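Same chain, two partners: chain A is paired with chain B first, then with chain C.
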Partner chain A sequence: MRSSLRLLNLEAPTLQGSKTLYVCSVCRQETRPRPALARQFLRNSSTTPITERVRRKIWGTDSPPGLEDPYGGQSVLEKKFKKDQPEQRPQRTQEPDDGWRNIDEASAGVETAPSGEYEPATTWEGLARVGHLGRWTDFPASEVDEYTSFKSKKRLTKPNHHALAAHQAAVEICLMQSLNKPLASVCDVVEHQEPIFDLLWKCRIKPADGQWNGALVYPDEKAEQVLAYVFEQIGSQAQTESAAEDAAEADEAEPETVDPEAPRSLFFNKAHVRDKGYLRLSLADPATKFAFLKRFSQLTGHYFPDPVINSISSVREAIQYVGGELSLKSLKLDAKPQKLGPQLTASKTLQDLPNVKVFEKRQKRVDRDEELGRKKVIEAALRERGLIQ
Partner chain B sequence: MKRLQLQRWSSSVLSPRARTGGRLQQHLYYNLRRQSTVTPAAQAENEQLIDQQSSLLTTQTPGSPYSLPSPPVEAARESAKLAALHARLYLPTRLPLETLARCLVDSSADPNAKFNNESLSILGHDLLSHYTSEHLICTYPRLPLTVIFAAMYAYVGPKTLAAMTREWGVELAAVPGGEVDPGLLQFKRVVPGTDVNEEPAVATERPNEHRTSWRKSMTSRVVYDNEFGDPTEVKNIKGVPAEHASARFIRAVMGAIYLHAGRPAAKRFFEQHFLSRHLNISELFNFSQPARDLARLCARENFEPPVAKIISETGRKSRHPVFVVGIFSGQDKLGEGAGASLLEARSRAAVAALKGWYLYSPLNVRVPSAMEEEGAAPWKPVHVDLGEVIV
Partner chain C sequence: MPVQGIRTVTAARNGVGAFILQCKRLDFHYCDWAGSSRGMVSFLKNSLASFAKANPQIEIRVSPRPHKHPVIKGHYINGREKAVCVRNLEPEQIVQKANLLKEASGEKNKRTKKPVTSINDSVRGIWSPFHGDTKTV
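What follows is the complex of A and B.
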């Protein structure tokens, strides 16, 4: 009997032992041995059993993992017919074609182990840990748990530092603009190495009418090439990696994030900016303004509130705000919105209208009573009853 | 007719507090007394009210608005209601808000004649009666006197004026006082529980008034009674009904317009607010025996005696017959009426003939007051009828 038929007729083995059991004619017919030729004809000359084909279909491969016959060993009938047709069974062990096969064999060895060998675990020792039991605070921090601030932890207070930061940010954004790269990606590199910073520091900015395009003046040709090369790597990670290798070969300075723990000197001990042209740059373009203020905020550690960002229109104003010269009051941002009542009271249009009367305070029932003249009557009645003094 | 001296009137109305001499007011009061619209009892009560008011004035602090019986003059400029009313009525700009505020103060609220609307309302009352009566008589010269009285009441009666006050959007103050908004009509209300329908004290100069069984002729009402043909009533109740106060307010507005803006403006105001109200005068008639009245009328006018003739009929033997009857005087058909019976049709035809006679209206009506304008055309006497038929 084929192994697949045992799914349908599990009592077939017992049939041999006891003749008293009734077996229907179909089952009897089914259990009857048939010639090999007829079987081949029946199943499109396929020798693989139906369970095997279903398994192959489920797994989507011609060599599915797991036992070929997961329902125990061979039956009595099968053993009997196996003697007649030893070549019918395909020898799967002879065709280990891929990795799955080995795994299957190994797992098949485990799975075919009798259930009596199962030993439940009494401790966690050796078991894979999945999830936690609520005490996640006791676990050590992983890499993703660490938080690094976008801004520098220290807020710069000195005006020359503000100027250096603004100059650096302006030069960087000019560079990105000339390279046609996303402006805000200059923030990917928190701090440049000293040679790069020197080159940036030597650059001058001469804007025409506050325009950023073409405002950058390089100190020399070599600096322009180096800076273009360095900033070409910023903004795209893949490029940065490949370029970093090239840079390493060329022994060029490359942008790298400075270890925040290491003691650092602010702007490499540069005291002042070399020119003040960057102050005239305009921040009218929202994209440029965002990129500049983001970089400037990152370098100086100062926070720009949204209303301030909205009201700032030039680099000079940004520096003034950071330096405290441009207060919220001067930007008229601290003024609370005027209430409707005083606004209407002060309205000249309404004052000129004779048939409109604006009350400074809310009109209540008492006011209505007084207007109609019955307030004095009510008060007199209350006083008469001793309810008011 | 002696003309009113407008300048003197205006100045007295415009700056009531500036003028200390109350000669004009006294004159007004004198007229009031002589017209005997106020009984001696009421007069005494009025004086008593003034005394009470003065005692109240002395007890309260002088600076507080509560000490005043009516809003101060300065408050008129502050009131939005008053300005809105002024604009709503499209009053002439020469009529100041202060006068309009004074029109809203009834004499029961402020007994001081310099601050209440009594003088203005008397003037306005006379003007309204004058304009309405001349309009009615000149437009319908043959109206019976009863219909004239009814039409007068419908045009300028207190109920109409009270309705106009409501239509103008004037609100009533609960209790008068100095703190009240000047845009509210202020008067002393009738105390709740007072019997308004009690026997009124009738003030007439009619002789033999005590003989209640004597018939009061309609013509005598022209002489002895008011312009509506009713005896002048003075009720001995404290306070004023809202209807009367509203009527006085409207009359005072009319008088104020006359004083401040002049006669043309007053006439325009009268036409726009009073004559524009629709009144179907033909519904005011009430004939008891129209056929007889018509016969007498024809006899008086030397017409041939009226003869009723069937013009057409249908369904005489049915349940709903209709007869169309015409009344003829000689060859002229005076009227025509339809009815379910011959008698009904005849009386309807007589009523139609009488209404056609009484409701005659000449073309190009001119009223006598039109002659007051500068450069008016020479007066052409209007048609004056003999009057109604007296049976």
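What follows is the complex of A and C.
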């Protein structure tokens, strides 16, 4: 209520009630019967729209003839929006996204609000979510988001394990070479099953001049067939289909990745490699080197820096690096970069040019003084004043 | 006694008769460690010899300036210096900057407001065919 209005009727009730219980001015205003002017203002708060009230006033009756809304009811856009709404609703609810579904449920809840009395919420439960934009950061991680390391989590440290890993990688790459398959695809199968690993372990490598071609010696003919069948399935899928006729063998020999949760024994408790011919294999060919080091790195969990990969030339050196016998220092890869000054000074073309002067050190003010021939004069003056010895 | 005007004597203009390059020295500074000198180091290794050969009248000095951005500094015969920072620039861009310093006069940059610059300004302005009486041929 307006303060001026309140002041009009303030005096009389105060005097009347002075003898009885004291009531504060606010409470007195609440209980006091309202004047006609106040009722006029209150009329605005009724649910009847102003257009309807104007119409009633014009016609002088509470039920005037004609349209309720003199401006033609809903606009074209409002009508269209209402018509489209029932069609859009089922489409949105079909979306699989949890975040969007929540938003839809919330918005649906707003529109289909019950006509009952309003009850203020005491907890957040059942309330519409506000401020959720449905971004990927708000959703829980899916299968795609999970990260699995390429290398084994545990780095092998024992020399016999390094030897077993190098032998396995060498045999696998020999097999892929003999089958004319992409070499680096041996990494698709992280770990073989025990019978396959046994066959790989029994294979020997006898390279002629470090060559990979024809270096592999199988234990027997059956092993050769089984390994050829198994490795035929690794890599491209086109050749797999042709080999898939032999269903009986497929059950036994199909390569499968081992469940990482299960407790595993390293190299199926094999202690040593049967022969050492694989150490003589050459890594001169870049494709073979890449495939071997990739597989070796995957099996041992060791990382090979680029300069090391560049300098390694045989399987023996790779094992030596993993075993710590070779280092960046011994490979002379830790040298500091050469400075430009000496390079330019040594350059024959720049030496021949009479207008070029190269300094290897930073030129300071002293150098400038010396060049201009005033260094001696400055020093003499300073010495005379006792500023330098 | 009639008033005599002061007789004009020919003033020396650079390029009329002889041209003297105003830039007398170019200093190239680089840093061995910083990445912003990568282009400068490449320029000094590969392009400096040809640049120096093409400009024998300019003295060229190369010296390191550790832990600083690469800079080309031009010294002019009027005693002024001009320095250009060439951090993170490619060798080709550095050649452009070196040429800019080489061709500069050494004077401070001046704003040219008039369409014609002359030592002997015209009182009548620039002739235009669209002003004055219509001429018929």
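Everything below uses one rule, namely that the second predicted complex is superposed on the first by the 199 of 389 C-alpha atoms of A that agree within 3 Å, B and C clash if a C-alpha of one lies under 4 Å from a C-alpha of the other, contacts with A are read in each partner's own complex, and residues count from 1 in each chain.
Everything below uses one rule, namely that a residue touches a chain if its C-beta (ideal position, glycine included) is under 8 Å from a C-beta of that chain, and two chains touch if they have at least 3 such contacts.
Since this is a predicted model, take the numbers as computed values, not measurements.
Contact with neither chain B nor chain C is seen for A:T157 once the two complexes are overlaid on the shared chain. By the document's definition of touching, both partners, chain B and chain C, reach A:K357.
Look at A:G373: by the touch rule set out above, it reaches chain B but stays clear of chain C.
Comparing chain C and chain B on the residues of chain A they touch gives the larger count to C.
Touch criterion not met for A:N310: it reaches neither chain B nor chain C.
Where the contact sets of chain A with chain B and with chain C meet, they give residues 354-357.
Those residues of chain A lying in contact with chain C across their complex are 337, 339-341, 343-344, 347, 349-350, 353-363.
Chain C meets chain A in the complex at residues 30, 32, 41, 44-45, 48-49, 52-53, 55-66.
Those residues of chain B that touch chain A in the complex are listed here as 66, 77-81, 83-84, 86-87, 97, 173-177, 179-181, 184, 186.
Chain A makes touch with chain B in their complex at residues 354-357, 370-377.
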